[in-house]
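One chain, chain A, appears in both complexes that follow, with chain B as partner in the first and chain C in the second.
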Partner chain A sequence: MNRHLERLGMLIFIGIRNLRSQRTKTLIVGFIMVFGAFLVVTTTALLDSIEDGMTRSITGSLAGHLQLYSADAEDDLALFGGQLFDNQNIGIIEDFAEVRRVVEGLDEVEAVLPMGLGRGTALTSSPTDEAIDALRQARLEGDPLEIEAAIERLQQIGALLKTEFENRLSVASDVEEIDRALADIETLEDPEFWEPLRVPDSGDLFDEADARDSMEFLSTRIASLSEDGRTLFLRFLGTDTGRFPEAFDRLKVVRGEKIPPFERGLLVSERTAQRYFKNRVARDLDAIRDEVEGGTLIAENPSLESRVQALPEQYNRVLIELDPRGAAQVREALQEHLGSEDQTLTQLLREFLAVDDQTIGPRHDLFYEVIAPHIDLYAIDVGDTVAVRTFTRGGFLRAANVKIWGTFEFSGLEDADIAGSAHLMDMVTFRDLMGVFGEEEMAELRAIREDVGLRDVQRDSAEDELFGGGGSLVDDGDSSVGFGLADEAVSFDRDRSSFTYDQQAIDQGIALNAAVILRDASDLRASQALVQAAVDEADLGLQVVDWQSASGIVGQFIAVIRVTLFIAMGIIFLIALVIINNAVVMATMERTSEIGTLRAIGAPRSTVLTMILVETVVLGVVAGGIGAFGAAGLLLYFGQVGIGATNDVLRFLFSGPRLYPMVTVAHVLAGVAAITAVGLISTLYPARLAARIQPVTAMRRGE
Partner chain B sequence: MKPVVELASVDKDYPLGKVTVKALRNVDLTFYRGEFTTVAGPSGSGKTTLLNLVGCIDVPTSGEVRVDGQLTSELGDRDLTRLRLEKLGFIFQAFNLIAALDLYQNVEFPLLLQGGMTRKERRTRVLEMIERVDLTPQLRQRPNELSGGQRQRVAIARALVTRPRIVLADEPTANLDSETGRTIIDLMKEINEDQETTFIFSTHDPMVIERAGRIVHLRDGQLVDEDTNSDSGDARGAP
Partner chain C sequence: MNSINRFLIIVRIAARNLVQAPRRTLWLALAIAMVTALLVLFQGISEGTRGHLLRSATTLSAGHVNVSGFYKTTPTDVTPLIEDGARARRIVEENTTGAVQIVDRQRGFASLITAGATMQAGVAGVDIEDETILADVLQLAEESEYVDDGRQEVVGDIQGLSRPNTAVIFAGQARRLDARVGDTITLRTQTFRGQANTVDVTVVAVAQDIGLLSNFAIFVPSRVVLDLYDLSDQTTGALLIYLEDIDRSEEVMDTLRAAFLSEDYTLLEHQPEPFFAKFETVSGEDWTGQRLDLTTWEDEISFLTWIVTALDTIAFLLIGILAIIIAVGMMNTMWISVRERTPELGTVRAIGMTRTGVLLLFAVEAFLLGLAASLAGAALGTAVAAAITAAQIPIPSDAVRAILLNDIFVLVVGLKQVLGAVIAMTLVMGLAAFFPAWRASRMQPVEAIHR
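The block that comes next holds the complex of A and B.
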């Protein structure tokens, strides 16, 4: 043993000396090794940091550590699956209460939450509708000032519509329809039209006849011309909204408040609100301001430039929202800001919205200061109650009025569309909207369908829901009992948005999937097996998956990046392999005589082989060490100052605006080991060549 | 007299392009313990080939070579290497020291390969050997800091440190001036006499031939003549 060590010591010594004497080779191979180790350490450390952050973001936002769903599911669960796989069928957890009892009974489990992803729509009212409502309300209340204001606003809307339709006339092919619309709009210019509306609603049927005609004209002919009422598409995650904030620490309420325990409601994704629910002008101003503040010049970025150019033409979206008082205040503020006196509000707004690199900042601020308070900034906003409509899997339309309590974001996923697009909904409303049926109900439905015919059932159901009637087909009678909901929750209530329930109502019923929060997630595999064993024993028919596979695309994202980077690194290593191999072969050839001498004086082949390999190991450790520690130093520096995310993808990857990478001893060792291994592999061939050098070569002269 | 190396009907052919060079032809030759023998002959006469065969770094095409009783053609690379390490010492024309190692380490290296000695024993042996070649002051110098004569003395020390039966020296004085060459040969002769080590040289240096106890003449790969130098003699004494 001792003898081998001493011999090895001598070989290392020879190796170091040779590295110094064969400088060119040492520099080439050494540089590659420094670079390689640097690459390995930075890549693995960055990936691990990103993965850590993403793990925290994903497990702490929606996924939990494990997810449970039906073992018979047709599709894989994809929590962040995005729009692509929205129609996934992941089956049903029939009895969540039992699942919770069994799984929360395990010591390792902190909490189990019911979940279910659904889709629906919400229809928002147009400014015209609101103005008509305001007029109706003012007349009922008999406030002359309010009546005048409402009429004035409607007239203003009429003027806007007129401009719009006149513009359309010049480009449209269906002139007839537009002419008809223009004729309707011109009716509004007739003072006679407004006369009956200027007085408070008397309640007398006869007196009100003219007023009713005018109101009906407004509601049917004018309101339909305005296209601003929008259908918003909603993705929502039904869950135990009371326990959710506790279980998922990444949840952050941005505006409004959390859904109070046992209340129905919706917590809207802040990102979705900003991106899709916000007034178009406000959105554009935000986006342009962000880009310009980020250092982009408008002229430099074509898409930004076209956005800026289109902005003044969006003045309508502000104008139509303003009531006369608001309009007056905005006019005054804009005149002052723009330093002009005699312009109409339309011209003022157009001028105001013609922003450039310098003016965008102050105008953005002024917009929020002066204009925003007078308009509906969000199509649906905190405090609103919206009618959410869904189609059940059976094809039935269901609807529920849902109060919006606030908006939220998940820390680290603020900028991730894919994760932020779902709103949070209480479980009870979710079950109402999903109308997912158990076996029994489906059988009953089939019977009904055969009885009545499919068409009838659909229409009946749709009408009931649309007009908030006394209950849909499925809600009648006892057909919902199979869900196991508490009685109060099942019975249909007109104003479900204000309805409260209890914990039993949350737990007893269906869920689509369930999130498991572990007390200690360090050994995910073991915990997964444990939970699987527990649900199997209880015969719940569920499968248990870890957060990564449950997350869908997002969960695989890191794995994909890792594989891609490793392949790239593999290619770089392959090139390094060839270069190192060549360099060492050439260096070895230079030493033929020396190696022959060693062989002649009695060094076995193995010693020669070891000598060449040892040299590479020495170089690998030294050069790899330099590269690895260099990388570690750089990473430590960035660990302090952070790496800025310059776009949405990076912000998503970094789980925030900056990534603070972490580097560990393991990363450094891995870097040195990897590059030494690559060195060793590339030296195998030259080392074998060297070992085959014949001792006879020592006898050749002239060297 | 005890034979240490025996060659019987040895042929050695080398392929050289399309032709075959017959480097040695039907050589029968025995070297005895303690001999101080010179293999003489013009270039291409087969001197080095003969040394390669005796030195176990090559095997004959036909015929038998026995080194210390072992038939080399029957040994594999591992055993031949072992045989070289245990029984043979080499001195090369170009000295062939390991450039990376200093004087002491060069001499120590074969002992490390052999193993079986403590560090202390090894040190004693190496220092003794260096003392013998009179290089103690240069102990930590590296080959490129030494003169040609000094280097060849290091080579001698390295060849002898394992106390081999046979020392092979391929033109040991060819790269030295005559004065230095003479000292080197004298040194080898001294050791030959002290330790009964068999020395086999190849050379065309008359000074070396003059000092040899036995001279083997080769021409065109064949043994042409053999004589002894009565005035110089060798360790086994004049016959």
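The block that comes next holds the complex of A and C.
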């Protein structure tokens, strides 16, 4: 043993000496190796960090480790959008309770949750409805000042409506309809219309007759003219909202509270609230302040600059929400802050919103102190009850009133767009909105059908076919879809409008897909096989996929990047191999006499071979080491500082605005090993050449 | 002996030298050729994607220059339309030169509903008699492409759009909606005010997919969009202008801006974004009435150009790294060549060749090698690109399809790009050899002979 070690040691010694004496070749090959190792470590570490970030974003927020859905599904499950960015048809999980029993029975499984993704819209209440409510309230309370303020507001609204409809005249197809609307609006200009409303509500039926007529006119004719509430698009995940926080333990409530156990409601994604529900001016001020305090100068960043430039013109988003009292307070505060006296609120706001690097901080503060309390900072907010509308697969309208209990985010994923992409909705409301029936209800329907003599109804379209589609759970007054029969045709025994339910109601029903959380996620493939076996044995008719397949196009993206990287690395190594080979061959040829001499004094072929190879290994380890450690150092530095994402694509890849790469010993070793391997392969041929050199040649050269 | 002759002699010597050291020359040449071929292939993918993007966009949603507008009835709403379509069109016609076609389109967005499925798409309202370019570019699909057991023939006719309440959809959509020619689709829009309107249309033709973008567009007669949004027929959505020379787009746009301004129109500031990205900003601006927005095709597809940029960046990095590696190889080869031929150099200098001559000798050797190898590589790359494109290989992964915006691999190699690649490679090789060549030229004749 010792002799071999000794021998090896000597060869290494000779190897180093040889390398030093062949400076050029050493430098050339060494350089390529340093470069190559650097590349390997950098790219694999970055890729692993990116993949790691995405994995956490996806598994920790929506997918869990595995997903279950119908084996007969037409489309693949795509949690973050399918190819046509539409709701995939993934079939139905009939009885979730059975699935839960079977799968949670496995030791490996920690939890199974029912899920379903849906899309809908929420209509916020219009300022007109609110103003009418305010008048009603003021009259009940009997406060003359409040009544005057409410009437003034409604007259303001009337004036705006008039301008709007006059503007519509030139582009609308039905001019008569517009004229009728204008006639209604002009009623608001008649002082006699408002007379009965100026006095507080006396409670006397007879006295109140005129006032009632006026209020009815406002609530039916005027309110319907100004449907200017905003339509918000919602993406929601119906799930067991009681068990969800435990299973997805990164969940953290930001504002408000969790949905209380067994109650209906919505938990809004804080990220979506900040990006889409928040008043645009507030949002812009937030973003600008973040960037400037993060060290960016406005002038240096073109997209930030254009945002700053567009901001003053968005003043109306604040102005239009201020009532007269709020407007006065804001005007006063702005006049003081800006130090100007005579300007109108419009001018003041414009000036105020023209921010720069210095003024953004204090103005941002002032905005939240003085202006935010007087406006709707969020289009829909904690405590609001919103009417959520969806369309079933057959194209019929469903709606439900849903209360927003709070907002949430996932710790560590606050900045990842993927993680914040859906709101959480209780399973019962979700099922109602999807208009899909379970076995029990289908049985009821068939019984009814026999009674009434209807033709066969399909599950998906059952309620639609019975009710003709206008069947909303909520009477939202002027439903503008307007077709269908009266919706009191049939009623079920179960009271649909009950607010609370129990765990059984959640479990014993339909889900579209289900998330499986494993105790130990290290061997996904094995776990997946296990769950699939259990599911097949119980004849549940489901397929099991891992989170990456379930994430649709997003998961594929990661795979594509990895493959591209491997191909690129392969090409680089191939070319490096050719070049190194070339260099080593040439160098070996130059050492013909030296090698010949060695052979002449008795060194066997194997020694020559080994000597050449050892040279390469030493070079590989040293040069590779330099490159690998250099890369590791760079990555450690960026691991502290972070790499900024300059556009949306990078933000998506980095799962946030910055990527903090991680590098491990494995990466460094991989770099050194890879490059040494390349070196060895390229040296094999020249080493054999060298070994075949005859001792005679040394003497022939005579050097 | 004049300079040209001297130069030619050097070239011959260089060529002879290359041939006489086949082993190291060939390997290096192989590496250079491979990298050049790779460069050409990357350029092919990039150009193919870019060309495809341009074609899809200018067929489906934008002209080379676009005149569209926003109309606000209240300070908080926004509708994309131009109030007096005829007047705007007249101004465009009078002030545009080199236009091949100017068309009027209505623009909308709707849910497409059939018994089979629901999906969202942009709805383009057209006057099919005017849209000769569209009729040319849209190829109809054989029924078997979108119906299981469908007939192997084209069914339907684009000109059917001249009839009311009709639609032309794409094969991918037909498959998804389970619709064929003659079937009815319900279009439903939901306006910002929460109002929903529906119109039923009959499918008159199914066109072949144009990559991925065509999944999001259908064509209907203008009247359908007007009905969906309760708009009068005096309005139009946008005027799309197709030019003979697409590179004049910006120039034409600027001319039209000036023309509209002089006719007392108010224009939005030019934002290089697609029109659907501007809704939120415009809805927040405090004005009412009409403002026009002029864009070029590049603005309208700016949300997709990141793809081409990404492809180019990856190519640049990869090729750059490879170029460094083979440049190093070239340098090494040159060094060895210089060392081997030191005696020869000494002789040559002793009989009167100048330093410059020696420098040239080695430099030309490198250039020749670079040129020959990169030409071979470029030819190989071009051939492979043509073969791949002709084979119409389907792209296996959804994600890659989304990135390349196509269902098959399409590589487009242009002469300009190929020449560029060859020149770049040759130059890099020449530069790499410069240092060794320079050292060789500095050697004293005496030194050389003594070695």
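FYI, the second predicted complex is superposed on the first by the 442 of 703 C-alpha atoms of A that agree within 3 Å, B and C clash if a C-alpha of one lies under 4 Å from a C-alpha of the other, contacts with A are read in each partner's own complex, and residues count from 1 in each chain.
The criterion applied here is as follows: a residue touches a chain if its C-beta (ideal position, glycine included) is under 8 Å from a C-beta of that chain, and two chains touch if they have at least 3 such contacts.
Since the model is a prediction, treat every value here as computed from it, not as a measurement.
Enquirer: Report for A:593: first if it touches chain B alone, second if chain C alone, otherwise both or neither.
Expert: First partner only.
Enquirer: Please work out whether A:205 is in contact with chain B alone, chain C alone, both, or neither, and reply first, second, both or neither.
Expert: Neither: A:205 stays clear of chain B and chain C.
Enquirer: Counting only touches as set out at the top, which of chain B and chain C does A:5 meet: first, second, both, neither?
Expert: In the superposition, A:5 touches no partner, neither chain B nor chain C.
Enquirer: Regarding the shared-chain residue A:695, is it in contact with chain B (first), chain C (second), both, or neither?
Expert: Touch partner of A:695: chain B, not chain C.
Enquirer: After superposition on the shared chain, which partner residues are touched by A:145: those of chain B (first), chain C (second), both, or neither?
Expert: In the superposition, A:145 contacts neither chain B nor chain C.
Enquirer: Touching A:13 in the superposition: chain B (first), chain C (second), both, neither?
Expert: In the superposed model, A:13 contacts chain B only, not chain C.
Enquirer: Would you check which partner chain A:602 touches, where first means chain B only, second means chain C only, and both and neither mean what they say?
Expert: first
Enquirer: Going by the touch definition up top, name the partner, chain B or chain C, that contacts more of chain A.
Expert: Counted on chain A, the partner with more touching residues turns out to be C.
Enquirer: Of all the chain A residues, which ones make contact with chain B and with chain C?
Expert: In the superposed arrangement, which is not itself an observed complex, chain A uses no residue for both chain B and chain C.
Enquirer: In the complex of these two chains, what residues of chain C are touching chain A?
Expert: Of all residues in chain C, those touching chain A are 23-24, 27-28, 30-31, 34-35, 38, 71-77, 79, 81, 83, 111, 113, 115, 117-120, 172, 176, 186, 188, 190, 192-196, 215, 226-227, 230-235, 280-281, 284-286, 288-289, 306, 310, 314, 318, 321-322, 324-326, 328-329, 331-333, 335-336, 339, 397-403.
Enquirer: What residues on chain A touch chain B, complex-wise?
Expert: 3, 6-7, 10, 13-14, 17-18, 21, 593-594, 597-605, 607, 694-696, 698-699, 701-703
Enquirer: Would you pull the chain A residues touching chain C in the complex into a rising list?
Expert: Going through chain A, the ones touching chain C are 24-25, 28, 31-32, 35, 39, 83-87, 89, 121, 123, 160, 163-165, 167-168, 170-175, 227-231, 280, 310, 313-317, 319-320, 346, 391, 393-395, 397, 480-481, 552-553, 556-557, 559-560, 564, 568, 571-572, 574-576, 578-579, 581-583, 585-587, 590, 647-649.
Enquirer: Applying the document's contact rule, which stretches of chain B touch chain A when the two form their complex?
Expert: Against chain A, the touching part of chain B is residues 48, 51-52, 55, 57-58, 77-78, 81-82, 84-86, 88-90, 92-94, 96, 98-101, 105, 108-110, 112-116, 119, 158-159, 162, 170-171, 174.
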